[in-house]
Amino acid sequence: MNALAEAIRPEVVQGPALWQREAEPAGEALVSFRQVGRQFQAGGRSVQALQEVSFDIRRGEIFGIIGRSGAGKSTLLRTINRLESPGSGQVLVAGKDLSGLNEAQLAQARRGIGMIFQHFNLLSSRTVAQNIGLPLKIAGLPQAEIDARVDSLLQLVGLEGKRDVYPSRLSGGQKQRVGIARALVHQPELLLCDEATSALDPETTQSILALLRDINRQLKVTVVLITHEMAVIREVCDRVAVLEAGKVVELGPVWQVFGAPQADATRALLASLNHELPADVAGRIVQEPASAQSELLLDVRLDGVSGQDPALGPLVAALGPATRLLHGGVERIQGRAQGRLVLACAPQSRNRLGDLARQLAIPAGNIRILGYVDHA
Amino acid sequence: MNALAEAIRPEVVQGPALWQREAEPAGEALVSFRQVGRQFQAGGRSVQALQEVSFDIRRGEIFGIIGRSGAGKSTLLRTINRLESPGSGQVLVAGKDLSGLNEAQLAQARRGIGMIFQHFNLLSSRTVAQNIGLPLKIAGLPQAEIDARVDSLLQLVGLEGKRDVYPSRLSGGQKQRVGIARALVHQPELLLCDEATSALDPETTQSILALLRDINRQLKVTVVLITHEMAVIREVCDRVAVLEAGKVVELGPVWQVFGAPQADATRALLASLNHELPADVAGRIVQEPASAQSELLLDVRLDGVSGQDPALGPLVAALGPATRLLHGGVERIQGRAQGRLVLACAPQSRNRLGDLARQLAIPAGNIRILGYVDHA
Amino acid sequence: MPDSFDLYLTAAWQTLQMVSVSALVSAIFGLALALLLVTTGPGDLYARPWLNRVVGSVVNVFRSVPFIILLVVLLPFTRLVVGSTIGVWAAVVPLSVAGIPFFARIAEVSLREVDRGLIEAVQAMGGRKRDVLWHVLLPEALPGIVSGLTITLVAMIGSSAMAGAVGAGGLGDVAIRYGYQRFDTQVMVSVLIGLVVLVSVVQTAGDVLARRLNHRQ
Amino acid sequence: MPDSFDLYLTAAWQTLQMVSVSALVSAIFGLALALLLVTTGPGDLYARPWLNRVVGSVVNVFRSVPFIILLVVLLPFTRLVVGSTIGVWAAVVPLSVAGIPFFARIAEVSLREVDRGLIEAVQAMGGRKRDVLWHVLLPEALPGIVSGLTITLVAMIGSSAMAGAVGAGGLGDVAIRYGYQRFDTQVMVSVLIGLVVLVSVVQTAGDVLARRLNHRQ
Amino acid sequence: PNGIKVGVSSTPQIESLQIAVKEAKAQGLNVELVEFSDWNTPNAALANGDIDVNYFQHIPFLENAKKQGGYDFVPIAPGTIMKIGLYSHKWKSFAQIPVGGKVAIAGDPVNGGRGLLLLEKAGLIKLKPGLAYKATIQDIVANPRKLQIVQLEASQLARSLDDVDLAQGYPSFLKLAGDNPDNALLFDGLENRIYALQWVVRKQDVNNAQIRRFIAIYQQSKQVRASLDKVFGKLYAPAWL
């Protein structure tokens, strides 16, 4: 993904390989929300879209915002570049309250902030290339330079063939990629992404995520990212905030929030990631062993706190050689193995669960007995 | 999710529990594509959006369509209800070519087909309730009945509070849910979903998927579903087609296509699902063992063909008790365990891989040596 | 020269009558014509290119004739419709005949702005063409149509001055006869103030209504 | 009675001159006014509610005055601008003065249709207000504006008939003089055919251009 | 400068004027006719110096224009004088006109006054005394038959005959409209000289030789007279004779 470095800021040398990166020290705040509130009127009711939101986004991090549909994520993001003005409270960007700026200053400040919109917001009257080049045109760059940058971004998002096509002629994912390219073209210091990959296939999503990670690491771009794809958060974010009904209900490093979610909202959001019990297994569970062939079903949650990868030897030693992995697995988040294993084992292993917890270095509470199934 | 049965067709009794369901016999074709082609002109080039597409969608199945952005998925879906007319070839719905119908007949046929649009397409001049009720209004139902149905659907998609709000006042996910409710309100026999959950959080996505599964099972609604979320395909689809540059490059039961993808496009799409090597591991791999503490890294792919769940005993027996699960896991697709395990084990286990393959009942080719890592 | 307030009141009443009736007629038939124009073009909903060209040409013909001439040319038709060629009702006929194609062209612009995706949505749910007209084109274009009707109304108030030529009276006619032709600046200014008030009321009402009806943002 | 083809040619040329110049002036100033109207309302881009009300009122005033009166009231201004009160150029002034507020109201409708999300996009990329005007409002509304200009042009061809009051001639004036005042149906019909052709050409060209410029669907 | 501009209104007289222009040209005098379709602008244009002389108004109209517009104009020669009449398609005599009948008169100030005077002469109404042609509808003091008086534009009067019981009419328009202009129930005769059209100039041009020469050509040309006779028959008189 060095293409980006070339495309955007040729002078930057390549950063260290990604995996070598250490957890960064708590950095300086780039965005600070201070008691931010926002209320809307609609259909005769008032909706409190944001409520006493207070937290910081640090310079250089990739910050995720998740939450249920309608939780206020987009509204919060939009207060950062003041497309939405907070009804109460303050939003500081680099220590400054943008509400105090005049038009020219606000525009100048916004030039340092890129935004990818949930609904793309492409200009229908401009071709793909013209849409992407617009921020540069507005900034007054010469056309030759604009063309060069636009071309390399087109390549980066895989739309070389659609250069002179109008947005109405694009597929959903193609539109989204135009929106991404447009948000990147003016080398923002801060990038706001509102569901920037929702319309993209997994492969393209991966390449866009790699791109985001790249500009984050190499160009020190701070990224704020709303997404419904927990895998995306897991893969690229440093910290994540969980919004629920306009309030921040959880905030922390991704491995912590994902590994040991505290709020109900978080748990609900992560449910799918946590490998919910598949229907074919769930349907067969009974509370007492039905026969001699019955197996004990265990749910083992690895929260990554110990930092250890689950060793299978002790596991088999504790549960017996007939132990089968029915479902679940391990994901690595920020270098920590997290996940959930649904195991089937001999019913008598029931007595050795404390042992198992010790072996795997997890709290005993992380092991749950689901019941018994007949080994078909 | 019985709410739906009440909401939509009160007379239908509840079907069998989901997990009891058997693989259905190859059913009758509800939608048949016959050599379908479609070409667009844009920006001076011509784009072959569809090319010789020929396959059937069976009555009663949930059929997934996946493919890269711009592959032609939306175009294909739109030929089913003839929002797009195929440039060449035929699309038959219930054996009939809709192109031969007059206006009234086409409208009648479309009343049996629900559609959820990629871009929602909500009428800005109508409130949420009016948008949802529109198909019924068009069908001439009395207002009281419309209201009743709309209310139960509003509840189903969790938008009771937004009944009289106009779409411009909704968040992205709320809009999408209105689109979903609208597509369901007139009890279609065939439901076309174009990225119907892309803007939804995982929890809402789950409930919508459960809803789809429910109407599929209980009301025998055939569902055609485009999505970029492979997990969605895995969870609800019976069969899946993979489109690439307008052509169908792979088609089959989900467990087969996902378990043993044949086409490059499929593999690329599934890459993320297949638990690509996490960066922190990938960065540490070397080709030769560096020291005595080095571990062998194995990539074991379970394709579900054998139908067996991986037993951990034999695995440990083959690879040694120090074996650790670094990454990956098992997913159950249509009752079959599939997935990929990245294991770290003693270097000398290298000689016992054939044994391992036998034990796990997988082809030897499914086990790949990734290299060595130092056990930090 | 008129010394009574009555003159103004009568004139205002005549203008209101002429314009409101003509506007109503123009709104209905103009909108119908606009729908015809928008839906019968090649590739459109009803795709009758031939009809489209005929309707377009008829609209063009009526828009080509200067109003004062139209007034005269229509006299036999006017007599047929309202039984007389003089008076308020006689003015309504040419005002409407001029207003219909004018408003049709204006409404056409707003109707063309409607997002095709919405039309598809209604078609996909089994809507017939009339449903598309009724549930998509008209309601979605409504704010623009209301603004267009406002423009038409104001233009009609202007044209109604000329309709004074057929003895319909009205504010504009008074302005021309008393103010303009008799150089009576005082009367003219008074009448013009009346016209300005009328136009402002119409414009403001139209603006407010259009804003109310617009739920797009 | 004119027996020569010359009469028609001269008249057509006069109409073309009057209308094209007036249309150009109206397009420029009308569009500027429309932008003012659209952007200065409360809560809008430039939010100057006071200015907005003043501009709106001025537009209303000019739209309230019947064209024939405007023509005469403007005579001193006309002389100031073009140095004469008769002829084609003298007609251009009142035609423009009437055309500007008319077109402003029409363009206003199209400008108001522009999706707010697009304005936000340009603001978010650091666009200033003028960038929003230049890169969003104008280009996105352009198809509608072109259609609106077409309507204005055709209306202006109609009004130019009255420009005979200042001896400017033109097709419409010939129609009035010969047809209306001299009851010469033959000349009138010939002239009307010319007008129909002119209007049809303008309308067709406007339609084609608007369609070309519309990349929305 | 060589040549003059003459402002005229569009009337059927235009042909006779064009003939005069041709004759003047033959004699080396360039005359340009500027045709106005309105009765206000020719005076404004004259005041502004855009034309040198106009020929479309009679004395009452001129007096009114001078007073209201502040013009310093002088009528230097008379032109034609037209009869006007009261016409009806429905009735043969004034006595037949029903109570509440509709009567159309000209909408412009001066001709409207002339029409009212004619109605008074016919015994249908009574006007405030002493106003003469300045009378308006408001000055009607007695209207025993409760006639509804409708004001129309001059050329429109001829087109309204089918819809009214009685209309003031200009013979020239009636003739052009295909009616017989001689069938008036009552004429306002040619003796009323103040209704003769006037050649009007700015005060400083009273002695302008070119203007005078053109007027002379017009007044003396046989072809001009022939043309006028053809259009107006007996319903006009040359007031300069």
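Letters A, B, C, D and E mark the chains as written, and numbering starts fresh at 1 in each.
Here is the rule we go by: a contact is a pair of C-beta atoms (placed from the backbone, for glycine too) under 8 Å apart; a residue touches a chain by one contact, two chains touch by 3 or more.
To keep track of the chains, here are their UniProt names: A, B = Cell division ATP-binding protein FtsE; C, D = D-methionine transport system permease protein.
Since we're looking at a predicted model, the values are computed, not measured.
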Chains in contact with chain A and also with chain E, listed by label, are D
Averaged over CA atoms, how far is the centre of chain B from the centre of chain D? Could you give it in whole Å?
55
How big is the gap, in whole Å, between where the Cα atoms of chain B centre and where those of chain E centre?
88
Distance-wise, how many Å sit between the C-alpha centres of chain A and chain D, to the nearest whole number?
53
Separation of the C-alpha centres, chain A versus chain B, in whole Å, is 21
When you check chain C against every other chain, which residues touch at least two of them?
72, 115, 180, 216-217
Quick check on chain A: which residues sit in contact with 2+ other chains?
119, 166
For chain E, residues that touch 2 or more chains besides their own:
40
Could you run through all the chain pairs that touch each other?
A-B, A-D, B-C, C-D, C-E, D-E
Which part of chain E faces chain C closely enough to touch in the complex?
39-40, 64-65, 67-69, 102, 104, 107-109, 136, 138, 150-153, 156, 159-160, 162-164
Would you pull the chain B residues touching chain A in the complex into a rising list?
17-20, 40, 42-45, 66-71, 73-74, 118-119, 127, 161-166, 169-174, 176-177, 195, 198-206, 228-231, 268-273, 275-276, 278-284, 309-317, 319-332, 334-335, 337, 339, 341, 343-344
Show which residues of chain A lie in contact with chain D when the two form their complex.
81, 83, 103-104, 107-115, 117, 119, 121-126, 134-135, 137-139, 166-168, 182-183, 186
Contact footprint of chain C on chain D as seen in their complex
56-57, 60-61, 63-69, 72, 102, 105-106, 108-110, 112-113, 115-116, 143-144, 147-148, 150-151, 154-155, 157-158, 161-162, 172, 175-176, 179-180, 188, 192, 195-196, 198-200, 203, 210, 214, 216-217
If you look only at chain D, which of its residues touch chain A in the complex?
115, 117-118, 120-129, 131, 135-136, 139-140, 142, 213, 215-217
